[in-house]
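Shared between the two complexes below is subunit A, which pairs with subunit B and subunit C, respectively.
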Partner chain A sequence: MNTALASNQNRFATSTQQVGIASLVLIACVFVLYFVVSTSLVQEVLGLQSQIEARVPTFFLRLMLIVGALTAALFIITGLSYYKRNKLAVTPWLFLAVGLALFLIYVIIPIFQSISYSFTRWNGLYDINGDWTGEWVGFHNYKVLLDDPNFYTSLKNNILWLVLYMLAVPIGLFIALFLNQTVRGIRIYKSLFFFPFVISQVVVGLIFTWAYNPEFGLLSEVWSWFFCETKENIMGNLTRVCSVDPPSILGDEHKATYGIIAAGLWPQIAYCMILYLTGLNNVSPDQIEAGQLDGAKGWKMLWYVVLPQLKPATFIAVVVTVIGALRSFDMIATMTQGGPFGSTNVLAYYMYDQAVGEGVGRYGYGSAIATVLFLIMLVYISYFLWRMYQDEKEAS
Partner chain B sequence: MFPKPIKNYSTGTQLAYKLALPVALLLWLLPLLAIFMTSIRPASDIATGNVFGIPSSFQMLQNYGEVFAKTDALRYLINTLVIAIPTMIMSVALACMTGYALAIYRFKWALPLFFLFIAGNFVPFQILMLPVVDLSVKMEIMNTVPGLVLFHAAFQTGFCTLFMRNFMKALPFELIESARLEGVGEFQIFWHLVLPLVKPAIAALCVLIFTFIWNDFFWATVMIQDDASLPITVGVRTLNGEFVQQWHLVSAASLLAAVPPVFMFFIMQKHFIAGLTLGATKG
Partner chain C sequence: MFKRFKFGKVALAAAMGSLMSGAVVASELVITFDDLNPDKKAAFEDAVAAFTQANPDIQVTANNGDREAHKSTIRNALQNDAPDVITWYPGNRMGPFVDAGLFMDISDLWASDENLSANFNAIKPTMSRDDKQWGVPYSFYQWGVYYRKDIYDKLSLSEPKTWDELLSNCDALTEAGVTPFTIGTKFLWTAAGVFDYLNLRTNGYDVHNDLTAGKIKYTDDRIRATFAKWEEMLDRCTFVKTHATMSWQDAISPFANGDAAMYVMGNFSVGQYKEAGLTDDQIDFFQFPEITPGLPRAEEAPADAFFIPANAKNVENAKKFLAFIATPEVQGTWNKAIGQLPPNSAAEVNSDDKFIVEGMETLSTAAGLAQFYDRDAPAAMAKAGMEGFQKFMLDPSTLDEVLEGLDKVQAEVY
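Now for the complex of A and B:
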């Protein structure tokens, strides 16, 4: 009894001490962070030429102070008797704290900030006192949007992307069915087929820009097998004479978007393929056997027995394809920059162009475009969350 | 197994299948092969129209050497590593903790917060762009590598949390309960029991995040204007402007940008695919 009490008191003593020291550390860190550290101070201490050079060291100094403060806070909280009584209720919040805070600051709050920007006219600058230079204009940006032909072109292209990108799902399934065999070396084939997805979209964009080039690209080469012949002219040089000139896909405002979508399909098909290959791997052999006994073969087997079992794979494939279609930016930026004559703009690229494009800086208008894009995406996000919620309810 | 195993077919069909495989692969990777061929031929070949044939001379070393010598390709590659690796470590570490909190503890906020992470993960980048730029300017880290890393880490935490939480949810919960009954502290359970069990998930996430960040183009263009800190994706596009009509160099530079993710994919294939196909089998 006595020893138990003693050890209890002892534990209490160390934890008070711990809380005391940690509190001091916390206060010191926060004080230094707010009142002492600044880029100009760091610049002077390190003897740097400009404040710009001092920004990175200052950042790391601040980061260290924040980490110090957080560690101290952790010690304080775990030292409190309240924590010891409510361990299971408090611990998850300790684990969540940093990740959730960062996610809120960088992802969740900016969504609402962007929506609020969309009701303003602003060029992104602050005046010398650090005051905001924009003005509140209500729904003005949205009214302008409704009369903007570029907005409609972008919206139309976004729909085109959404619809045509969906081809990736059946084509991916088709390739997966083609590769779902057990011959020698099939694993290598599967990973090589997956290749395009691993490569950056910028590189895919460059590859296809080159392939579409009407003078010396892959397409013109293939074209020349059918429509061109090589002739020797009077000077004795070889020239290519074509009955029909190869099309300039990216230079033609009616073809450019289709060209970019075709390029975008390449990696997306690879992604859908790998999803279906994994799905096919888990199709139950019993059901296939049962289907065979019922006389199902080929297409019927695929439609009535296999596809229902591939539902989760199809769901993920559709979700990632929709998101990929609405996020299309990298390819447009590398292949056409929205041209020719704005014909390949999508909302994502048009927004970027309006907000930070050369000589534009329309933050309010750009935010209005982003908000429209967000609302379109929100439809799919809500559906996806609803589906996940159903799964969670089933699981518990 | 579906479709019917090929060995149950006639020898002729089997042979046809085995022939069709390489042909299909060749067609599928034709753009990539063609760009590789372009990257190893001299400029004169492209001018004379020898785009698809055998190069008149093999200039692989010269072309790739020229890319490194004439441009900042090496610095771009290093910059990309400096951006990708810290992001990978930060977001995976944070997600281990958030995933643990959301999977192991039963509190009423667990599901709403989980959905918040998922929803945030799917929003279009453009809706985040201007506030993130504004915030980075205010924090004095705009146009620096740490500024970009911090944003990437925060954003990728969403995807990583989705992944980690589902992975941890599948662990046997009795294990954790019995550890609690033994009097093991919550932090010890996390460190000594759960983390070792989720090592495959950590590996999968690391490969995926590394590839995502390596291939990122949008955020690098938005957050970094300074030529000295540009990553390779933006760098390659800049080179495209510099090397007008010098397609042998553009293609060499593009392939250089593609090599590390491809390499990463090949050595960590199993983890990579496990990460991407999460959720494609259950449900």
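Now for the complex of A and C:
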């Protein structure tokens, strides 16, 4: 690898290479800056605020100033003799610098900030002098958390999500097996099955909310065929009278979480299906044939010949499903906002609800929930990283 | 550690000062409003236009945004690039901002402006905290029971004055196949309206105020008495079954269809009833009936108000604007346009609107005005409280669990 780069170096004149690097970094900077100025923290520091439109010339002047400064810094660095001597060691870091800086500002620092807030009582406000208005309360928030039934409800729901969401993997597999055949128009069927994954989660949530609605939803319409009749009410208007009331799925604390998970499964199954479909393309026909010669068919063929070859697809399917289950926030926000009375909260939504939602403003408490969620995620993330590391080791 | 990074801001501002666009208008005023409903928006814009006409030297910038979004964006707005005037809710809801010093004390305006000091006595306590005044209200409205007069007439029922009359009305309605009350608790706050009234009628204004101020526990016997009444109501004056999946607007459809006869609501809902096809002859209003005999009658009357952020740049103009919108003329026109009541007692009300007339009558004779549970109680308490109310409405047997849970939150929040 070293030799390859070294020969490269010989082929190009140094100055050309410098310009190449500089322009690449320049493009990266503009891209990143576009992202950065659109976030509030930096807008505040730059004093851009909400009136960007009103000050477009100033805004671009500043942007050019920053880009210019960065480019100049880059040229100075690349011009240093230290850089010229250690080009191979330093260049990767130059490329990484922007990404690392963003990662530090938007991921690493906030993690430690929220952990530190979790030991305080704070309503999220700074006073007029910019002084923080909270107070230090030690482990108080964690003590309250341990005594909070809503916290256990959220935790239980998190586990429900993780477990039930896993159904997407086998169901996706079986749909993929079912669709993995060559008949006329199979591509249309595949696209139709994949369709729910293309729709935004918010739309899926809304569709299911309507379908579940006990007054006018699809479910209650079907229900009325069996249990309800239409009568005239006291004012002479038509109304529905049911011998057994249609289930109010999102209004019943015992059913609501299952209702949301079912809605979430719909696109997730499609996702797993597409992963398995691509995996099935790579299943080697030789091994299938060899299996057939040895008399394997049906379940045995699936279990001993096909599935082992689908292992990478299964791994990815499990990983995206776990991530999907932990991202259940948007489904909950669109379908129930955590209700009825907090029974569909998961930790992520409960945290949002306590800190930011509707101005409740318990930032310290919300941060404590975030910290607990972070610790739980850490287990999963560590396992995932360890697994990746093992795979790399095996591969090399 | 928790100091905000002020220095950097200053340094950068200085460095970039030369780049800032120069010309500053002699006199500006930036207003942030939070209602995009067509009638509310138009009324606000008319008031701003009238102000500009009266003060041609002031250049007014009026921003308007969504009400729910405003509840979170206001935090940023007050701390950073503050407008000169901003809308917010009085009562305890303004507490955090007042305590953090983010709203400007305008007691001097209340003292010096004759109109403000003379015509706002009823609402002044609501606008006060630490014996200082922090904002100027532009509108408020009554709560009560809206009912289907045609159904009542058909069953020869009359407006109930007492709890027993209400219960017997409910029995008659149930017998005729009509659900007595409609409600949609998906967004929780509607349940708080019912609770507020039950508590105000059972225990009175002072106990209710002490509860929302955190001085009385939820497991207190007096509050339990309120819940006992509520249980009686759930038992005999049933609510529509699927209320937990409906918003307050969804809950209008059984009301409009004649499947439900009453609705504990605020006056802002009248427009929606009419949109759903009901006419003035079909709907009417009565004050929530008396529960504890002889108790002074207190009412819910949430107000909307304007405040001056402490960071405002054009304070004099902001005060001019607040004084302007407090005048009887502006308050009268504004509230006629939006179908609500002017907090200014000298302002004219729309006497053609029977709900406004009844509302004025209801509020001007009330012994105390509550701001609504989610404004009287701190936001964190209100959220937990309203979830508790919903839980109780769905399953009254959870009462003890709910009340004890609320005590815990109460101990935490105040």
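Criterion: the second predicted complex is superposed on the first by the 309 of 396 C-alpha atoms of A that agree within 3 Å, B and C clash if a C-alpha of one lies under 4 Å from a C-alpha of the other, contacts with A are read in each partner's own complex, and residues count from 1 in each chain.
Methods note: contacts are C-beta pairs under 8 Å (C-beta built on N, C-alpha and C of every residue); 3 or more make two chains touch, one makes a residue touch a chain.
No experiment lies behind these values; they were computed from the predicted model shown.
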Partner chain in contact with A:Gly366 - subunit B first, subunit C second, else both or neither: first
Which superposed partner A:Ile288 touches (first subunit B, second subunit C, both, neither): first
Superposition-derived comparison: subunit B or subunit C, residues of subunit A touched: B
First, second, both or neither for A:Phe103, with subunit B first and subunit C second: first
Contacts of A:Phe226 with subunit B and subunit C, given as first, second, both or neither: neither
Partner chain in contact with A:Met351 - subunit B first, subunit C second, else both or neither: first
Touched partner set for A:Asn123, first subunit B, second subunit C, both or neither: second
Partner chain(s) touched by A:Phe208 [first = subunit B, second = subunit C, both, neither]: first
Intersection of the subunit A residues that touch subunit B with those that touch subunit C: 55, 58, 124, 213, 356
Contacting residues of subunit B [partner subunit A, same complex]: 1-3, 5-7, 17-18, 21, 24-25, 28-32, 34-35, 38, 46, 48-49, 51-52, 94-95, 97-98, 100-102, 104-105, 107, 110-111, 113, 115-120, 122-135, 139-141, 144-147, 150-151, 153-155, 157-158, 161, 186, 190, 211, 214-215, 217-218, 221-222, 233-234, 236-237, 240, 247, 250-251, 254-255, 257-258, 261-262, 264-266, 269, 273, 276-277, 279-283
Partner subunit C, residues of subunit A touching it in the complex: 40, 44-47, 49-51, 55, 57-58, 61-62, 65, 116, 123-128, 130-134, 144, 147-149, 212-215, 233-237, 239, 245, 248, 250-253, 337, 339-342, 353-354, 356-362, 365
Residue ranges of subunit C touching subunit A (in the complex, touch as defined): 1-6, 8-9, 12-13, 16, 19-21, 71-72, 75-76, 79-81, 96-97, 99-102, 148, 150-151, 154-155, 176-178, 185-188, 241-246, 250, 253, 257-259, 310-311, 379-380, 383, 387-388, 390-391, 394, 405, 408, 412-413
In the complex with subunit B, residue positions of subunit A that touch it: 39, 55-56, 58-60, 63, 87-89, 91-96, 98-100, 102-103, 105-111, 113-115, 117, 124, 177-178, 180-183, 186, 189, 191-196, 198-203, 206-208, 210-211, 213, 216-218, 220-221, 238, 240, 266, 271, 274-275, 278-283, 285, 288, 301-302, 305-306, 311-313, 315-317, 323, 326-327, 329-330, 333-334, 347-348, 351-352, 355-356, 363, 366-367, 369-371, 373-374, 377, 380-381, 384-385, 388-389, 391-392
